[in-house]
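What follows is chain A paired twice: with chain B in the first complex and chain C in the second.
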Partner chain A sequence: MYEFVTGPLAWIAFGIFIIGMTVKVISVIRLASKKDKVVFNHWSWGWSFRSVYRWLIPFGSRSMREKPVLTIVFFVFHVCLLAVPIFLLGHNILWDERWGITWWSFSETSADYLTLLLMAAAIVLILRRIVLPEVRIVTTAYDYLLLAIAVAPFVTGYFAYHQWFDYKTVLIIHILCGEIMLIAIPFTKLSHMILFFFTRAHIGSEMGERRGAKTW
Partner chain B sequence: MRKGMVALYIGMAVLVSMLCFVPAHAQEDIVSLADSAFKDRQRAPAVFVHEEHNEKAEIEECNVCHHLYQGGNKVEDESSEGQGCSDCHHVEEDDPARPLMKAYHDLCKACHRENDEGPVTCGECHPKQRYVLGS
Partner chain C sequence: MPEPAIDTDFIRERLAFFKGARFKTWLDICAHCGYCADSCFFYTAHDKDPKYMPAYKIMQTLGKLYKKNGNVTREELKGIADIAYGDCTACRRCSLYCPFGIEPALMIAAVRGMCCSQGLAPPALMEAAKNHLEFGNQMAITTEDMVETCVWMEEENEEEMPGMKIPVDKEGCDTLYVLNAREVKYYPQDIAEAAMIFHAAGENWTFPSMGWDMTNLGMFAGHAKIMAHAAKLCYDAAERLGVKRIFTSE
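Moving on to the complex of A and B:
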């Protein structure tokens, strides 16, 4: 089972993720060129880059400055979500063994604490949807499902690292959760991991070039 | 007071006599791959009960694991037991002879994969709580 989930199933998951996201990006650009030609006629790289940059750095936008606590939680969540799996020693050993590529890794202890931090941030994100009325009214079960898909690899990874319950079973569930997440990205709102750059660039260029208004 | 002292002497005698057995036992049986070259350990040393492993895996020749390379080529019929793995494989990741951690991982896992036997995942070899192979 381990060989299957780390072999063929991993290929399928990464394949769907990469091809799915490529198709998604191309279709978004094509849709814009059909429905909103003006965007391309008046495109401003300067405004679009500034917009992306401002929304990438902590407190770079006005709405982030208005909600400082949530901003910190959002950044902790997203930074850990990307950094932990990419720089995890166990994952990097697999990349090295299978593809011969190596890069820097967190110490196991750091990765352990960062995972805890991510799970704590996820709890705040769930509470946010329950507690804040302006978020509650736009929240459906789908939003919780997406949060669960994003966080499940970390919860199961934490259990696997600490070898709670049956290690091999937990490890396989962990790998499956990661693959479910990869497959879900192109088909759900999780695609904002790539589309974020397009939407922020679009809005930044649109508002900046034509109206001189900052969108951050 | 005197009784307490006697008890203490007996206790010490028992402890010291137990100590005599510890090094002898440890030298005979290798139970983990605790290579002292690893200064900054990320995980517990891999569980490896030398005798039990070789019996189970039906390994008779030492050089199946204790290989000897010269000029990048494996020397058949020669073995390197008595030498430490870290005599040739260094911890540094740019070691051309294959970095130590990778040397261990590759040697163990390649054989386990080839024979479809034995552990290949992190936690099976590096347990949080130490357990004995086969248990």
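Moving on to the complex of A and C:
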């Protein structure tokens, strides 16, 4: 089972993720050039870049500055979500064994704390969906499912690292959760991972190049 | 008389028309995060009543139409029109607060078009919008009245600023001045004040006898034909008079 989930299934998951996202990006650009010509007549790389950049740095936009707590939680969540799996020592060893590639990795303790931090951020995001009326009213079951898909690999990974329950089973569940997330990205709202750059670049050009207004 | 049934085929056609890369991506990735709420003055002015938050308004209008693929009853479409016309001014402020830069205002405009096509635009707005077709401005002012107002304003300010003219339909100018119909109807001194600035600046400008109203109620109502007509009048005037640029008040 372990051989299967880290072998063929891993290839399938990464394949669907990479091909799925490529197809998604190409189809968005093709559809835009067919039905959204207005996007291109005021396209500006300068405004696009600044619009993306300002929203990638903490407190880079007015919207973020007005909600400081939420901004910190969002950044902790997203940074940990990307950094932990890529720089985890265990993952690096696995890649080294399989493909002979290595790079810098976190110490095991810091990865442990970052995972805790991510789970804490996720709890805040769930609580805010329940507590705040303006977020509750737009929240659907789908939003909770997405959070579950994104957080499950970290919860199971935490269990596996601390060897709670049966290590082998937990590890396989952990790998499956990670693969589910990779496969889900191109087909769900998680595709904002890439599409974020497109929509932000568009609004930056739309407001900036067309009327000289900042979108941050 | 029973109210006519909703032309669902037409609404479906519109829904397909609008589903380009922008609408599709926006609807696909909105994370329901709630950043847009505080940007909306409808929301803050109603003591933060969540039903006025932008993302929710889109879910209740365009979202509902896509979900039901246009199969809505007249009652449902009335509810949608109430939100599209009554709870949003399409000011686009929420786009500046959205992490993804989603544009609810454009989606509301699309919804208004569908509501308007089924006769659900606010009657007073439609009445004024139709003036664009008949008179070329939203306030039903005739060209005669407009020219008369310009002459009156010239005379009124002769002492204060001798030589100041409000040139109507002068060809070959640099600047075409267009304004809000309300200025001609209720605040003619606004035309005079603009003319004073042009005069003092030595600007070579003109005021068109047709196509001088730069407001566009067709756009607010979602009536594509009137919207295009009102905008075209203004561009036609610019081409007819051979100006270099169009200047708008407000």
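Methods note: the second predicted complex is superposed on the first by the 216 of 216 C-alpha atoms of A that agree within 3 Å, B and C clash if a C-alpha of one lies under 4 Å from a C-alpha of the other, contacts with A are read in each partner's own complex, and residues count from 1 in each chain.
Rule of thumb we're sticking to: contacts are C-beta pairs under 8 Å (C-beta built on N, C-alpha and C of every residue); 3 or more make two chains touch, one makes a residue touch a chain.
Not measured: the values here are computed from a predicted model.
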Chain A as common anchor, with chain B and chain C clashing or fitting: fit
First, second, both or neither for A:162, with chain B first and chain C second: first
Dominant contact partner of chain A by residue count, chain C or chain B: C
Chain B versus chain C as contact partner of A:16, first or second or both or neither: neither
Chain B versus chain C as contact partner of A:97, first or second or both or neither: first
Which superposed partner A:148 touches (first chain B, second chain C, both, neither): neither
Chain B versus chain C as contact partner of A:108, first or second or both or neither: first
Which of chain B and chain C A:126 touches, first, second, both or neither: neither
Touching partner for A:200 - first (chain B), second (chain C), both, neither: second
Distance of closest approach, chain C and chain B, by C-alpha atoms in Å: 36
Residues of chain A at both interfaces, chain B in one complex, chain C in the other: none
In the complex with chain C, residue positions of chain A that touch it: 28-29, 31-32, 34-36, 39, 51, 55, 62-63, 66-67, 70, 74, 128, 132-140, 143, 189, 191-192, 195-196, 198-200, 202-204, 206-207, 213-215
Chain A residues touching chain B - in the complex, by the definition given at the top: 2, 89-90, 93, 96-97, 102, 107-108, 160-163, 167-168, 171
Chain A-facing residues of chain B, complex: 40, 42-43, 93, 102, 105-106, 109, 120-124, 127-129
Complex contacts: residues of chain C adjacent to chain A: 19-22, 24-26, 28-35, 37-39, 43, 48, 50-51, 53, 55-56, 59, 95-103
